[in-house]
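In the two complexes that follow, subunit A is the common piece, with subunit B as its partner first and subunit C second.
After this line comes the complex of A and B, so read on.
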C-alpha cells in the first residue's frame, strides 16, 4: 500500500511512514508536495521511494537507508547524512549534502547553490556526491573532505558547469570536473591538477553507478577527460584576522 | 511551557508571486494555495497579499487601505484625507471572521483623486503629492497607517498565517493579473499588523524573505529624500528605494535592480570595459542604495514583476513559466501545486535579477 501525501502536514506523513517501516523494509509515498524531513535518519536495510517534489531536509541525518526520489528535491537534501544512498531522478535546490559525513548522493540533473557545503570525511567515512548536469554558485564551499563529481551532461550553449565562488574556503576533499570549466569562477585557494590512476579507479566506480541508475552510456561519459580541483592549503583563512 | 531550545521551529518566511504577462485575470484562491503550501515557513505573526488590477471600476483613482487603531485616529486621518483628496468612496474593507485572526485594527478603504488646488499650491507633481500625504499620515497621525496607496491595486495584510489572512479578506472574491504573497516569521521585531508584508507605496509593493543587514545605511540614504521609515521593520526601506530610483531618477526597473544587488568589486574588476563602467558608476552614485544581507525579494508593480536575490545567494527562490504566466516561490513545490508542468523552471541566482514585464498594449490600458 502506498502512502499518499497530498497537501497533508509533514508530521502526519512522516508518522505514517514510520509506522509502515515497523513491519516493512520498503515504503512508497506518492503525490508528495513539499513535505519536509522525509526519510529522516532512515536506517540500514530500509528503502523509501518518493514520487513528487520532496520538501526541505530530505533524508536529514540519513543513517544508512536508501532514498529513491522520482521528482525533484528542494533545499538541504542529505543534510548531515551519516551513511546510505540518495538517488534523485531530477534536480535539487540549495545546500545539497550539507555537512554530509558518509554515504552517496546521485543527482541526475543540476543542483542549485552551495552543493556539498562543508562535506567532511573521517577515517573510513567518505561522502560522495555525483551531479549529472551542472551546479550553481558556491559548490563545495568550506569543503573539508569527501568527493564531488560534476559531469556537465547536457549543458546548453553558454551554460557553465559551476557558478561563481566555487570551492570558497575549501580545505579538504576533492572535486572532479568533466570537460572544461570556468576558471574565473574558481576561488583563489584552489588548484586544478590532472587525475591519477587511483583517481580514475574511484571515478569509474561512481560514474559507473550514476550511469547505471539513470541509464546513461558509461563509455561516452568517460570519453571526456576529468580534472581534479583540490585546495592549495588546508588553512585558507589562516591569515584572515591575525597572522599566525 | 517548552523553553527556548526545547522546541524546534522550522522557519524562514515564505514568498510567492504570479503574473499573467498578457493581463489575464487570476483568482485569489490560486496564490493562497501556493503560499499555504509553505505554511511551515511562517509562524502566524504576519501574512499578506498584493493584488494588481482588482479595482477596474476605480482604475483612475487612488485606492487607500488604512488601519485605524482607535476612533480618534480614524477621525483625524479622514479629516486630512478629505482635505487633500476628493474621495468618492469610503468603506470598511469586507472581512470574514476567522478564528485565528483577532485583535485587529479597524480596516478601511477609500477611492479618490487628488485635490488639484492643494496639489498645485504644493508645487509637487501628482505622485510626489500622494507619497508626501501618505508619509505624513504614517509618521504624524498616531494610530493610522496607510498600507496601500496605488491605483487599481490593493494590499491586504494581517497578523496571522497567510492562508488565514487570505480567508479573512475573502481574496477568492478578487481577480488580479499580478499577485504577490508573504508568510512572515519575524525575527528581530515583534509582529504587528503594519509590519506584515507587502510594503507598498503608490504602485510598488515588496515581499521579502530574509534580513537587510544594511538597513541603517539604506534608511539614512532614503530619508534624505523625504521618506520616513515608520513600520518598524527592515523591508519597507526596499519599497522606498525602488520608488526613489524609478520615479525620481527615472531608472528602468532592471537598472534599479542592479543598484540594489550590484556585484562585488572583485567581480566588477573582471568585467569587460562597458560593464565595468556601468557597475562602477552605479556603485559610486548609489552606494547608499546597495542592499546587503541575506534576502530574496519580489517587487510587484504595474509595469511587471521583479525578483532579486542577494549577491551571495543566501535565500532560496524558484521561478517558472508556463504560457503567459510566470511564477515565483521560496519553494519549488509551492509553484508545482498550482502549475504542475511548467515549461521552464529555474533557481533565481544572486547575480541575475528576473524581470517579467507586463505586456498590455496601450488601447487596453485606456
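After this line comes the complex of A and C, so read on.
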C-alpha cells in the first residue's frame, strides 16, 4: 500500500509512515509536496521510498535506515544523521548532511550552500557525501571528518564546481573534486593535493555506487582526474587564545 | 631570562614551624608551586603560578600553608587599572584572545541583593514547614491553552509530556570535557536522589551515565556532538542550546588536548581532535527555522520529550523568549550574563549580555501580556548563590532554576576561575586522570544532595513565612518582592514596588 501525502500535514503523514513501519520494512509514500521530517530517526533495516519533493529535515537523525527520494530535496537533508543511506534523484537545498556522522548520501544533481557542513567521523563511522553536479558556497564548512566527492557532471560553460569559501574552518576529512575547480573560492586553510592509490580505491567504490544508482557511465566519470582538498592543519585555532 | 611584565597574583606563605616537610602539597599542586629543595628533604614554595585554589591549604595536615594576595602597587589610576595593564601585557606576549573561566568577576549590580522578600504578620498567617505540608514539587512542560472536560469531570485534553521535579532546582549544562566524568557522575547521582534533573551539556553522553538518563537533560548544540536517535529518546528533556550567558553569540571550542579517549567516546569524534561548536546552528537562521528543529526533535522522539530552548539573556530577550514560545518550545531557559563557563573569551564574558533578574522579569511580563505564560515553562539560570536567590527568581516568574557553580563549590571548587587551563586540582574542570581520581562521586554526590536539601528546607521556610504553602503560589508573585535602592526604571522592569510602598 502506498501512502499518499498530497497536501496533508507532515504530522499526519509521518504518523502513518511510522505506523506502517511497525509491521513492514519498506514503505512508499507518493505525491509528496514539501512535507517535513520524513524518515526522521528511521532505524536500520527500514526503507522509505518517496516520490515528489521532500520537505526540510528529510531523514533528520537517520538511524541506519535507507531513504530513496525520487524527486528533489529541500533544506537540511540528513541533518545530524547517524547512519544509513539517502539516495536523491534530483537536487537538494542548504545544509545537506549537517553534522552527519556516518552513512552515505548520494545526490544526482547539485546542492546549495553549506553542503556537508560539520561532517565528522568517529572510529568505524565515516560519512560519505557524493554530489553529481556542483555545490554552492561554504561546501564542507567546519568539516571535521568523512569524505565529500564532487563530480561536476553536466556543468554548463561558466558554471563553477563549488561556490565561495569552500571548506572554511575545515579541520578534518577530505573533499575529492573531479576536473578543474575555482582555486580562488578555496579557503586559505586548505591545500589541494594529488590523490593516492588508496584514495582512488575509495573513490571508485563510491563513484561506482553513484553511477549504479543513477545509471551513469562509470568509465567516463573516472576518465577525468580528481584532486583532494585537505586542511593544512587539523588544529586551525590552536594558538588563538591566551589564558587570562 | 625574559622579563615577565606581570607580577604574580598570590604568595604562598609557609609556616616553617608548622611544616613537617611531608610533601603533601608537592603531590597536590598541578601548578607545581611546591617542590623539595636541593636537599630533597625541605619543602619550599614558588608562588608564580599559584591560582589560590586552596588545594594545598585544605590538605596540609599541619595547617602550615596560607595563600595571600600579592600586593604590588602600581601608580594609582582609576582608568588604567592593573588588570587592564596586565591583560595588555598578556596579549602583547602571545597575540591571543584572552580566555577566562567561571562567571564574570566584574562588579555589576546583583539585583538579588537589592530585592527584599515579604513575610506574613497577623493576617494570612505564616506556616510552619516542619509540621505542615509544604509543596515545592515543580512540573515542567507545555500546558494546554484551556481544559475541556467530559460529563463526569474527566479531562478530554491530551496532555503534552510533563516532567516532575521534587525541587525547583536543576543542575545546569556542563559537558563532559569541560568537567570531569566523576564530576558529572556526582551530579547525576545527586539528581537521581533529589528527584531533579542534571544537564549533560553539549558533549554527548558517556556510557557510564547510562543508568541516569531518566534524570538527564540532553543538549542539541551547534556542534551536534554525540547527538543521535537513542541519545534523544533516552533523555527526560531535550534542550536546544542556542546561547550561554557567559558567552552570548559565540560558539565553543574544546581544544584537542582535552579530547581524551573517554571524551572522544562521548562526543563521538577522534581522540585529540578539536571539538568546535560553531556560533550559530546552521539549520537555524530564524524563529521559523527554530520551529523546524524543535519539531524535528519532537518527530524523532514521537512527541514524548519536552523540548527546551536555552538562550543567553541579551537586550531583546523578551521578544526572543516570546518567539521561542511561539516556535513550539515547551520550556525556555534564560541564562544571565553572570553565568559560569569552562572557558569564554574574557571580553565577551565581561561585556556581553544582561543580568538574569532583568531578563527574567521582562520575559515573564511579555509572555503574560501575550497570554502565553501559563502554557510554557521558564527556567532561569546565571548565578544562584543561595536559596533566597532561587525564591526571588521564582517570584519574578521562573518555574525552575538552573544551578551549576553552587554544586561545583559543594564538590570542592574554590572559584579560582582557571577552568580553562585544565589543571583543576579538585578534579572538576580537568581530564587528567591523576586529578580526576581525586573526586570521588560516592562522597561528592552526598555533598551536593546535602546542599540542595538544605536549600529546599530554606525555600520552604521562606515560603512558610510568606504564608504560602505551594511553590505554584509563589511563581510570578511579585507582590512578595520589594526593591531597595533601585531606580524607578529598574523597579519598572522588575515589576516590583520599592521597599516601604
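The rule is short, and it goes like this: the second predicted complex is superposed on the first by the 236 of 244 C-alpha atoms of A that agree within 3 Å, B and C clash if a C-alpha of one lies under 4 Å from a C-alpha of the other, contacts with A are read in each partner's own complex, and residues count from 1 in each chain.
The criterion applied here is as follows: contacts are C-beta pairs under 8 Å (C-beta built on N, C-alpha and C of every residue); 3 or more make two chains touch, one makes a residue touch a chain.
What you see is a predicted model, and the numbers here were worked out from it, not measured in a lab.
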Partner chain(s) touched by A:180 [first = subunit B, second = subunit C, both, neither]: neither
First (subunit B), second (subunit C), both or neither touched by A:225: neither
Partner chain(s) touched by A:36 [first = subunit B, second = subunit C, both, neither]: both
First, second, both or neither for A:117, with subunit B first and subunit C second: second
Which of subunit B and subunit C A:56 touches, first, second, both or neither: both
Partner chain(s) touched by A:2 [first = subunit B, second = subunit C, both, neither]: neither
Partner chain in contact with A:75 - subunit B first, subunit C second, else both or neither: both
First, second, both or neither for A:196, with subunit B first and subunit C second: neither
Touching partner for A:25 - first (subunit B), second (subunit C), both, neither: neither
Comparison of subunit B and subunit C by subunit A residues contacted: C
Footprint overlap on subunit A, where subunit B in one structure and subunit C in the other make contact: 10, 36, 56, 75, 114
Subunit B partner contacts - residues on subunit A that touch it in the complex: 7, 9-10, 33-34, 36, 52-53, 55-56, 72, 74-75, 93-94, 112-114, 136-138, 163-165, 184
Of all residues in subunit B, those that touch subunit A in their complex: 10, 36-40, 267, 270, 312-313, 316, 318, 331-334, 336-337, 347, 349-351
Subunit A-facing residues of subunit C, complex: 87, 90-91, 93-100, 220, 223-224, 227-230, 232-233, 253, 255-256, 264, 268-270, 273-274, 276, 278, 282-283, 292-293, 295-296, 299-302, 343, 345-346, 418, 420-421
Of subunit A, residues touching subunit C in the complex: 10-11, 14, 18, 36-37, 40-41, 43, 56-57, 60-61, 63, 75-76, 79-80, 82, 95, 98-99, 101, 114, 117-118, 120-123, 125, 141-142, 144-145, 169, 171-172, 234-244
